[in-house]
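One chain, chain A, appears in both complexes that follow, with chain B as partner in the first and chain C in the second.
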Partner chain A sequence: MRKFEERFFKVLMILATIIILGSLFMILVAVVKRGLPAMSWDMVTKIPSGGFYLGKEGGLLNAIVGSLYLVLGSTVLGLIIAIPVVIYINVYLPKKSFLADITRLSADVLFGIPSIVYGAFGFSLMVYFGLKTSLFGGIIAVALLITPILIRSMDEVARLVPKDLKDAALSLGATRYEIIRVVLKQISPGITTAILLSIGRAIGDAASVLFTAGYTDSIPTSLSQPVATLPLAIFFQLSSPIQEVQDRAYAAALILTLIVLALSLAARFYSSKFSKNKI
Partner chain B sequence: MNTRLLKSENIIASSMNNGKDVFLLEEGAEAQVRTLLLQKTKLDLTAPHISVKNLNVHLQKKHVLKDVNLDIPNKAITCIIGPSGCGKTTLLKTFNRLLEQSVDVKIDGHVFVDGEDIHDKNVEIINIRKKMGLLSQRPCPLPMSIFDNIAYGPRIHGNRNMKELSRLVENYLKAAGLWDEVKDRLHSPANRLSIGQQQRLCLARGLAVEPEIILGDEATSALDPISSKKIEELFVELKRDYSIILVTHTLRQARRIADYVVFMYLGEVIEAGSADEIFNNPQKELTREYISGAFS
Partner chain C sequence: MIFGTHTKYRVFKDSLARRIMLGLTVFSLLLAVIVGLSLYFKSSSILHEHSLWSLLSGSSWRPFKGEFGFYPFIMGTLWVTAISIFIALPLCILTSIFLSEYAHPYIKKIVFPLIDILAGIPPVVYGVWGILVVVPFISEKLAPHFVEFSSGYSVLAGGIVLAIMIMPLIISILIEIFAAIPKELRDASLSLGATNWQTVKFVVLRKSLPGIVAAIVLAVSRAFGETIAVLMVCGNMSAVPKSVFDSGYPLPALIANNYGEMMSLPLYDSALMLAALILFVIILIFNAASRIILTRIERRFAL
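== the complex of A and B ==
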């Protein structure tokens, strides 16, 4: 009987693995199959010309660069908020602190909120301050989206920093500021992983940028101009009735998938390197 | 300051030679240890380095140190002995004011170092910690290279001269008997070292701050007998310049190197006196039982 149980669960696990690997594989196949023929050098080096959305000349450089701008801006902004929070709850507050628990709980709740809500919230903020859809607005909305991710994943690592480490540095005569530097150093692989994770999330999200960043065919030259993004490029082109344009949506999806894939692999690489370094 | 530096360098140089002897002629080294053992310091308690008056410590409402009154002799080795949980670590952490980092601490009473109350409002906490090198019970390398670990203390206290730092690193690694094992990988991460090596690293790191008092919390517990002896020898040499307080569970170690012995039990100092008094003629029944190994 126990042997049967064991075999039953073994089969179940294999099945689950096949489903997961299989769907990943099928997604890749679908994207590559339809996207690859539409891929061209122009796609990644040119911005859309007039009539691009009717199947004429041009590329997606506006969306690629736009996504990168947005991700860069929101990650920097997110880190500016998240690092002090993580340091505060892990270095300044005692081990069992109500405030730290509340902070972690809120980060968890924020983590679970769908990105369209962040988009709507960002949009209402912009209406309130009289801003138009812009790179700036998009950066704020996406930063809101990824800050909880940054906080939570960095906090996970920072919590593991032993009290002994802080004590060791303090015994050598370190000040609180120097302690922070030691802690940051200790968690630096975790920070890298957190950044890569949130970039992956930020670059693929359409809902948060829909109302806040807008869309444009040109590459923005200032924070107050609207900006195109890859997820929205997919969305708009996919809703076109023209076959050629639809295929370009898959090309955009392919570009996006490759970027995200590269980032996850990098995150994987860094976190495994991290666990090897630990004793 | 300069003469101090010179002196400790001499010590390091001589301890280096001792270290070599241990490897080359075991027996000679043994004899040397034995002669060192005879160099017990004449205790002078008229001017104690640390003086504890009516110290009471509560940790999370628990009375951990009870009415401790204690004088620690200057430039001698004081061993604190006592069963696990009796408050030895807590006492050491009070000395360098690390204890107040814990949650819910209440400290009453006074600790005077060189006649100065360390809990006085005007006292710079960094200076207190710098004066005392604490080697904690569990070695904890900083997340950086071996070199940077040793250079950390000198660096945060303002020494940025790379040449001088390299010299310090080499000297103190030699002093702690770690140099030969790590000289080819000074720039690899310190947490790759074995626990025993980490313990010696922490010793070197503590010495590099040039403290006046060394607080060792079972500083040799993770070491094999030979390296442990080397560290003991080093302590015996260092007491010329430093006051050394060692917590130890090994009574034999205390017998070997202690000039002054403090016996603690359940948060109280039961008895303190010269090593001779405590080991050969203890006044209290409890001390006698502990020394004879009736409990531990």
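== the complex of A and C ==
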């Protein structure tokens, strides 16, 4: 009886694992199967023409470039907030500090806040300041979304920097400000991983940019113009009645999936490289 | 003691940097408060007109008549969340036990990156998969056995898509919890002649119960707030779903779908911001509670 129970649950567990991995496989197959025939050189080099939602000509360049702008801007903005916070709670504050604990907790909690809430918040800010949907608004909303991820994942590595290293630098007469360079050097692979993770989240999120960044068929030339993004390119064009427009959505889904896959692999590569060289 | 000007400059730089970074840290702490307050101010005008209770329990949603009842949307959210947890939880517990207690290291080396990839797939791609695979499956294969007609765009489709989206989160937390349980406890059970599964059942699962509850609460709050994927497959009809094959209209989908016209009607934007506020408050509480439980567990076993 015990042997049977043991075996029964082991089979169940393996089945569960296979189901979960199988669903990943199914998702990838579905996206590739539908997206690959829709891919063409025009898709990645041309902006759509003939009008939003109905125009059959052209490609996705507006969304690809738009997503890049948005990700670049929001990552830079996120880092400007996240790096000082991580340095402060790991270098300036003592090991057991209430402020550090509560900062970590709040980053965890903010990480769980859905992106639609950040979108709604960004929108209410923009209404207050009288702004229209724009690249700028999108950058703010996405930066809010990724800052907690940046703080949390950089903090994980910054916590592991040995205290001795900091003490050694302090005993040589360095100020805490001067230690920052030592710590940053130690955690630089961790920073890279954090950036890759947050780019993955930023490039794939649709709900936060829906209100704030808007959508357009052209490539923005200033921060105050609306901007197209890959997730919204999928979302809007999928509901079009016209086959060619729908194809663009599937092609965008394939491109987005490939980008996210590459980012995830790169993040894993960097973090494994880091764990080998840990002191 | 007299310092040289250079030392003074260095100390000044240090204290300046400290103040700037303290400021940013406090700002990051205040962010949640700022988000909450601004959503509250935006939604206060509808709270002046109607009571919170009448809004939550009202079931008619006619913005052009000024009727804003959230009940169907709350029910839509609950249905979708319940289905997704019901599907995801057993699979995740089994998989996490397998990975942490049974699997050979090289299996972990293959499976962990794959789960990472699953975690990284954007919601909108899950939505595409839902439309391509899940919705047709429900309308053609599954629903005809139970009901006369279903378009497939249903709370079940939303639940299935959501279940897969929240799995990586649940698995990663469960594996962390299982790893925090001391090996000595397992060894003690095994040395008394218990089998591997008995050890899991009586020692590992029992010891990690609070952690599992925290993981479920986190997963629920993730499912509550998911927007785009659910919006794409749920059908979005503002009626309370009666079966899993009916379409539903969860709260986040309501916000996302109507942002375009919300400035055109009085109180409409305020109502949608109230929906965002409700989501924000519920998820904030759920998240804070489960994170506090999880850090406690980590500390208790770390000592």
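The working rule: the second predicted complex is superposed on the first by the 262 of 279 C-alpha atoms of A that agree within 3 Å, B and C clash if a C-alpha of one lies under 4 Å from a C-alpha of the other, contacts with A are read in each partner's own complex, and residues count from 1 in each chain.
The rule is simple: a residue touches a chain if its C-beta (ideal position, glycine included) is under 8 Å from a C-beta of that chain, and two chains touch if they have at least 3 such contacts.
Predicted model, so just to flag it, every value in this text is computed and none were measured.
Touch criterion met: A:L165 reaches chain B, while chain C stays clear of it. In the overlay built on the shared chain, the residue A:F235 is in contact with chain C alone; chain B does not reach it. In the superposition on chain A, A:V260 contacts chain C only, with no contact to chain B.
In the superposition on chain A, A:I89 contacts chain C only, with no contact to chain B. In the superposed model, A:V182 lies in contact with chain B only, and not with chain C. Of the two partner chains, chain C is the only one that A:G200 touches; chain B does not reach it.
More residues of chain A are in touch with C than with the other of chain B and chain C.
Once the two complexes are laid over each other on the shared chain, residue contacts for A:F269 go to neither chain B nor chain C.
In the three-chain superposition model, chain A touches both chain B and chain C at residues 175, 178.
Interface residues of chain B facing chain A in the complex, by the touch rule stated above, are 96, 98, 101, 103, 126-127, 129-130, 132-134, 136, 138, 140-144, 152-153, 156-157, 189, 191-192, 202, 205-206, 209. The touching residues of chain A, when paired with chain C in their complex, are 2-3, 5-6, 9-10, 12-17, 19-21, 23-24, 26-27, 30-31, 34, 81, 84-85, 87-89, 92, 99, 102-103, 105-110, 112-121, 123-125, 127-128, 144, 147, 151, 175-178, 180, 200, 203-207, 210-211, 231, 234-235, 238, 249-250, 253, 256-257, 260-261, 263-265, 267-268. By the touch rule above, chain A contacts chain B in their complex via residues 94-96, 162-175, 178, 182, 185-186, 277-279. Contacts from chain C toward chain A in the complex involve residues 10-11, 13-14, 17-18, 20-22, 24-25, 27-29, 31-32, 35, 38-39, 41-42, 90-92, 94-95, 97-99, 102, 111, 113-118, 120-129, 131-133, 164, 167, 171, 195-198, 200, 218, 221-222, 224-228, 232, 252, 255-256, 259, 269, 272-273, 276, 279-280, 283-284, 286-288, 291-292, 295.
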